[in-house]
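Read through the structure below, which is laid out as structure tokens, and then see the notes.
Order of writing sets the chain letters: A, B, C, D, E, F, G and H. Residues in each chain are counted from 1.
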Amino acid sequence: MSTSYTRLDKNDAAVLLVDHQTGLASLVRDIEPDKFKNNVMALADLAKYFELPTILTTSFETGPNGPLMSELKETFPEAPYIARPGQINAWDNDDFVEAVRATGKKQLIIAGIVTEVCVAFPTLSALAEDFEVFLVTDASGTFNALTRDSALDRMSAAGAQLMTWFGVACELHRDWRNDIEGLGTLFANHIPDYKHLIESHNTLQSTP
Amino acid sequence: MSTSYTRLDKNDAAVLLVDHQTGLASLVRDIEPDKFKNNVMALADLAKYFELPTILTTSFETGPNGPLMSELKETFPEAPYIARPGQINAWDNDDFVEAVRATGKKQLIIAGIVTEVCVAFPTLSALAEDFEVFLVTDASGTFNALTRDSALDRMSAAGAQLMTWFGVACELHRDWRNDIEGLGTLFANHIPDYKHLIESHNTLQSTP
Amino acid sequence: MSTSYTRLDKNDAAVLLVDHQTGLASLVRDIEPDKFKNNVMALADLAKYFELPTILTTSFETGPNGPLMSELKETFPEAPYIARPGQINAWDNDDFVEAVRATGKKQLIIAGIVTEVCVAFPTLSALAEDFEVFLVTDASGTFNALTRDSALDRMSAAGAQLMTWFGVACELHRDWRNDIEGLGTLFANHIPDYKHLIESHNTLQSTP
Amino acid sequence: MSTSYTRLDKNDAAVLLVDHQTGLASLVRDIEPDKFKNNVMALADLAKYFELPTILTTSFETGPNGPLMSELKETFPEAPYIARPGQINAWDNDDFVEAVRATGKKQLIIAGIVTEVCVAFPTLSALAEDFEVFLVTDASGTFNALTRDSALDRMSAAGAQLMTWFGVACELHRDWRNDIEGLGTLFANHIPDYKHLIESHNTLQSTP
Amino acid sequence: MSTSYTRLDKNDAAVLLVDHQTGLASLVRDIEPDKFKNNVMALADLAKYFELPTILTTSFETGPNGPLMSELKETFPEAPYIARPGQINAWDNDDFVEAVRATGKKQLIIAGIVTEVCVAFPTLSALAEDFEVFLVTDASGTFNALTRDSALDRMSAAGAQLMTWFGVACELHRDWRNDIEGLGTLFANHIPDYKHLIESHNTLQSTP
Amino acid sequence: MSTSYTRLDKNDAAVLLVDHQTGLASLVRDIEPDKFKNNVMALADLAKYFELPTILTTSFETGPNGPLMSELKETFPEAPYIARPGQINAWDNDDFVEAVRATGKKQLIIAGIVTEVCVAFPTLSALAEDFEVFLVTDASGTFNALTRDSALDRMSAAGAQLMTWFGVACELHRDWRNDIEGLGTLFANHIPDYKHLIESHNTLQSTP
Amino acid sequence: MSTSYTRLDKNDAAVLLVDHQTGLASLVRDIEPDKFKNNVMALADLAKYFELPTILTTSFETGPNGPLMSELKETFPEAPYIARPGQINAWDNDDFVEAVRATGKKQLIIAGIVTEVCVAFPTLSALAEDFEVFLVTDASGTFNALTRDSALDRMSAAGAQLMTWFGVACELHRDWRNDIEGLGTLFANHIPDYKHLIESHNTLQSTP
Amino acid sequence: MSTSYTRLDKNDAAVLLVDHQTGLASLVRDIEPDKFKNNVMALADLAKYFELPTILTTSFETGPNGPLMSELKETFPEAPYIARPGQINAWDNDDFVEAVRATGKKQLIIAGIVTEVCVAFPTLSALAEDFEVFLVTDASGTFNALTRDSALDRMSAAGAQLMTWFGVACELHRDWRNDIEGLGTLFANHIPDYKHLIESHNTLQSTP
């Protein structure tokens, strides 16, 4: 049963960051907080690096859910920012869908808090409208592993592709020669082991 | 491969609580008991909150399986209650199926003890009769993770959607504005972290 | 997407126990040894209880793989016993396939050591010949969880249904009233928690 | 829903070892290093044992990614070796694809570092060109279990078969009688438990 | 090496609840939130049940650390409540130490957030002043297991006794006959498994 | 810092089995139920095998705690059996202490449910009266690992020696030649892996 | 058994960072890399914040062990830096011990790679010379948990106190009022959850 | 509380390898088999490298316990080899104790199968006779973690020092300059990550 390879293309992809809010972040217990924050910022940094249109949205940010993580605001000062007045599924908010359509992109890279709601609902809605959805599982968080795995199964069964931020970056970049230093810096900033490899390498190379 | 989004609708959904009995509960070892009880009651409370028709059923409740958890009886004093005389698959009991059909609903939200039997069997039967089945994985329990994962794979392969109680509540509610306080109370009662967010927020807001 | 429920039927099912040998058992590390042995014997006991035709087979039993577990020999003294001279996939052995066909059953309940070989290979072969295959995941063992999960994914994708011994017993039995004591004894012998429930219940009932 | 059994055939299979480099190896954290190295070398040894055409490739081996693991070079001194100048997906490198096609094989056995990139990308590309892909999950490594599981789901959904090195060896060998000592040696070298079984057995047999 | 048994005595024990605040609670990741909240409230309820003098204290409660959990305020409306203006170690706050001394008790039962700071510091201070300290490990929480285990080792080495709330309750109660219903209710409210045992038992007993 | 070796001596040891009741058993979640039941029965069987004086005691056995596990009653039909009317610490019950003293033994081997109460309290009491206490950690169970580890730390700090049933059996037996078959049978009955070793060995030896 | 509280004092403490080198870092597998790097830098930052004399040392930094992590060099440009020519135990290097003694401090806060060697050896040496040693367990890393736990047991038994970086910071700071913003910044930079609490708090406070 | 540093000295240490037999190895489940075998051989190789007197002993090697692992025999063809006729505690065998005393060493490095018996018993015996005992925890194996941890606690409380093979090698070697290549080879042979570091380093250094 052969299949075509639905492959991320930096000219046809947009990024949706859904409800990465400071209050909701305290609910995330399926990924360690240090790692989760790093994953979210890695996704944000790669979106910026590849100049992908990026859309920010929040749910009830003046209430207990809290404001958007400040680093995201700072990374995307010009991005469309939809503070939803009440819709739980971002796709039920016309401004959000309009912003998505305005990008003109067919491929949606999505992540958020919490996985089974803020990520799953717009993912399922977008798939139903023939978008290709690439779910960034490690930049999405929720209460525990059972909840996450149930949600991933639901989305995968509906046709979403499960990826992590490193795979997204590599599939978008295609060839190191497009920009060795740029991609290397992205990795060094978010993967300590990779940074260590680079430091070992550079030190040895610069030794006469 | 686009798919339509089979979405929970509070006007078209019923809840089936299968064999949440005090004896059987001692068999549940794939979820910690504090969390499991909380999940079951959260599902019950959301069923009541959304006024979904709810059906209770038990297996051999006068034997070692024990009576229905008392909190469930108290939450649904008027619900159809089918104490099955012997059928392991609730769907093999005519009263149960009749009660399900009497709700007139097409979407079934199901949970129970144990996952691979009391949940899986009626799930597979209902799917075979064209119901849409939404399995609440975290309000269902069984002997261990391998047993659970095998059962979830079987049900998912047959077309059931895997969800958890929080996702069910959010998909049913659609928009916070339908009732902010009601949903917030449901969450506060069953998610300590959420309750803490609300308390921090309210305390600060009420400080001049 | 409705599906028909392919349901175990005690009149149409046979059990295949593949390579539960004393040497191979030392390779099983994805399930604790106490629990694994218990699961294997529970499956054997239910096969006997439901009088399902059962086929035993071993691989190279005079070598390091060791003899069949003695309890299995004792449980099924009359069962077809195919000591394969070399074929790794039992389905490549004509005597084995003949024995399977001789049962006249369409549903095969299978377990063995190791999961990704001795279970997966005949499972895939049988599915290709239109048998319905029910894999007993907890009576099958292998090196580690990654190996098991890879094998289960391969078999599930090919159409095998993943079950565990308790689910098999319940799906075969259908209704407690067919024999309350028989099924209760089976469970008491292999589920300590269930035995404790029964003892608590019986003690209290017998107290005036 | 019957399916045909797409079975590994030693006359129709080639092995692709992608980016098993000494620097990249430090990124692998989803499998313990002792076990991972053992799995990689077991796959290499079985490729050699079955005389399967094997292709080696590396990414940026003069940089931080480091050289190919020395044992692999030593095991396959004559194998095609494609040091990719920049393409992240090996399938984007014409020399690599040419080398694959030159084998004339339809079945590809693949492993590499990291799973979601160096393994997943060529897997998806090869599936799209109607190759049969058998992914060796335990000879492939990456950052953590969530990343791996997401990648395996993506590849499985696209039609790749998930296997581990032991299953690959057994499916290729078919029958112990083809070469008992050869296969036994392969297992003894990479499975300590199996070696112990053999030593116990041989010692006892040689005792008068 | 015999030792005397330093045993909790309800006439000589006081309870110290340190910094169970709604903001700090989001830092607790070594115990699941459902269980942790339950453990904290179980300790509070037993303190009240045994009428032990109880002292509440908070750190910077008007800042990000947040207010005291509301349930604790409600459980101990009359308890000494020391909102520390800055001292991290509660024992550095004279009002707190005075409140402790005012109880006239020699045995201190302590719990708090986070374990290695808010619990460990006053524990070490109190031990240095010859109090007997009983640390309630499961009503104390912190960032992760390594942090907790390091802190428990430090306190144990200094002479603190490690206990959990259930052991504290039992050691204080001594004999069920002192009040069967009271203790049973405490357990039923905080141990779902125990509640289920009671319900099974009572149902059966009340059946004629 | 040399120490004398306080070594179990079958002529100076008694066994105390505390509250292994069918209701309480449902509270044990730090050890898998199959394994726990096996450990308890292994300890019972070794006590009988070495003819150690054994004392049974229960807490409130007519209530929810349930009756003593039936297998224990059957194993020790003549043993002193103290059904405590209310004392939580068995050592607070005069009949129990008298029964212990009546054995005339200095070394006490103890296990029970739950570890931090029914085991820890009499352990600490006995140590305070200069008994040597050997705690069988794997035949004692409780709510979770944190509770167990806290209790073990408390008992170890007070001078109890932590052992498991296999170590107890070996330390009592001293020399295989005292009775090879007896000890081998004990191990075969409770360690599946050991039974498999014996079966492999015997089969090979009996092959001409 | 009362004990005096050996408490960290910022006027009497020095920090020893042993062998945090980029090559050795790839050996650390008992803590996730994101978290480990964060912990190491948190310790470095607190050393700088409290102006504690800090000593850096490396082992064979021109070989495979690699150079010191660049961030540490940048944080402590003026610190004594002892590149040991071969001594595995830093305390065997006279320059190192001299640098330690030159600080005039009695309390040593130590961390490094790997725990059982580079940390344990100088810890045991320093304890033998009457220093007070505070081991920062979460800024020290090694091959796996068993190795770490064995090493921690050895050091704890010799009198070292086990702490983590957060506890060290709090014990040194004593009172928030000494510098609220400084300590808050340290925490926000290294504890995402704490940063989120601060952002939620500040946002709400700044809302009119 | 200062302590002297009881430090391994290659001129005063002997190695005891107790019951590393092929049958007993199948009982080891607290460490993965690949890693365990590697650890045992690493300890053997370091014993040989440092030319430490080494003593081999086995228990009932003609029975199910099986022969000594062949690699150990090959590594130490001249070592004293005591096949114990029945004593479970090797220290109860006069030949063994005599062999230990004949080494003239005061420091004993010990490992074996299973930890709580074959290792713990001679450890406790040797400590009672004033030997210094260094237990190699990762070259010792047993049924599960609870058993191991109980045994380690017992030995640590009696004065044994817990180490792992890498720490033993480093403490014996003292200074890399004593033999860089020899120690490096030992590490490369048993630590894949270290081998990779060396290969990366050497490749880069040899590049002009």
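Here, a contact is a pair of C-beta atoms (placed from the backbone, for glycine too) under 8 Å apart; a residue touches a chain by one contact, two chains touch by 3 or more.
What you see is a predicted model; the values in this text were computed from it and never measured.
Greatest Cα centroid separation from subunit B: this falls to H. Chain centres here are means of the Cα atoms, and by that rule the chain farthest away from subunit C is G.
Here B-F and B-E were compared by C-beta pairs in contact; the pair with more is B-E. Rounded to whole angstrom, the centroid-to-centroid distance between subunit B and subunit D, based on C-alpha atoms, equals 43 Å.
Centre to centre, using the average C-alpha position, subunit A and subunit B are separated by 31 Å.
Work out the mean CA point of subunit C and of subunit G, and you get 54 Å between them. Remark: subunit B and subunit G have CA centroids separated by 48 Å (rounded to whole angstrom). Of all residues in subunit B, those touching 2 or more other chains are 23, 26, 32-33, 66, 191, 193, 196-197, 200-201, listed in ascending order. Every pair of chains that touch is listed here: A-B, A-D, A-E, A-G, A-H, B-C, B-E, B-F, B-G, C-D, C-E, C-F, C-H, D-F, D-G, D-H, E-F, E-G, F-H, G-H.
Note for the complex: subunit C touches subunit H at residues 26, 29, 32-33, 144. Of all residues in subunit H, those touching subunit G in their complex are 1-5, 7, 31, 137-138, 152, 156, 161-164, 166-167, 170-171, 173-178, 180, 184, 191, 193-194, 196-198, 200-201.
Contacts from subunit D toward subunit A in the complex involve residues 23, 26-27, 59-60, 63-66, 85-89, 92, 114, 116-117, 120-121, 124-125, 127-130, 143, 146-147, 149-151, 153-154, 157-159. On the side of subunit G, the complex with subunit B involves touching residues 197, 200-201, 204-205. Those residues of subunit G that touch subunit A in the complex are listed here as 22-23, 25-26, 32-38, 62, 66-67, 69-70, 191-193, 195-197, 199-200, 203, 207.
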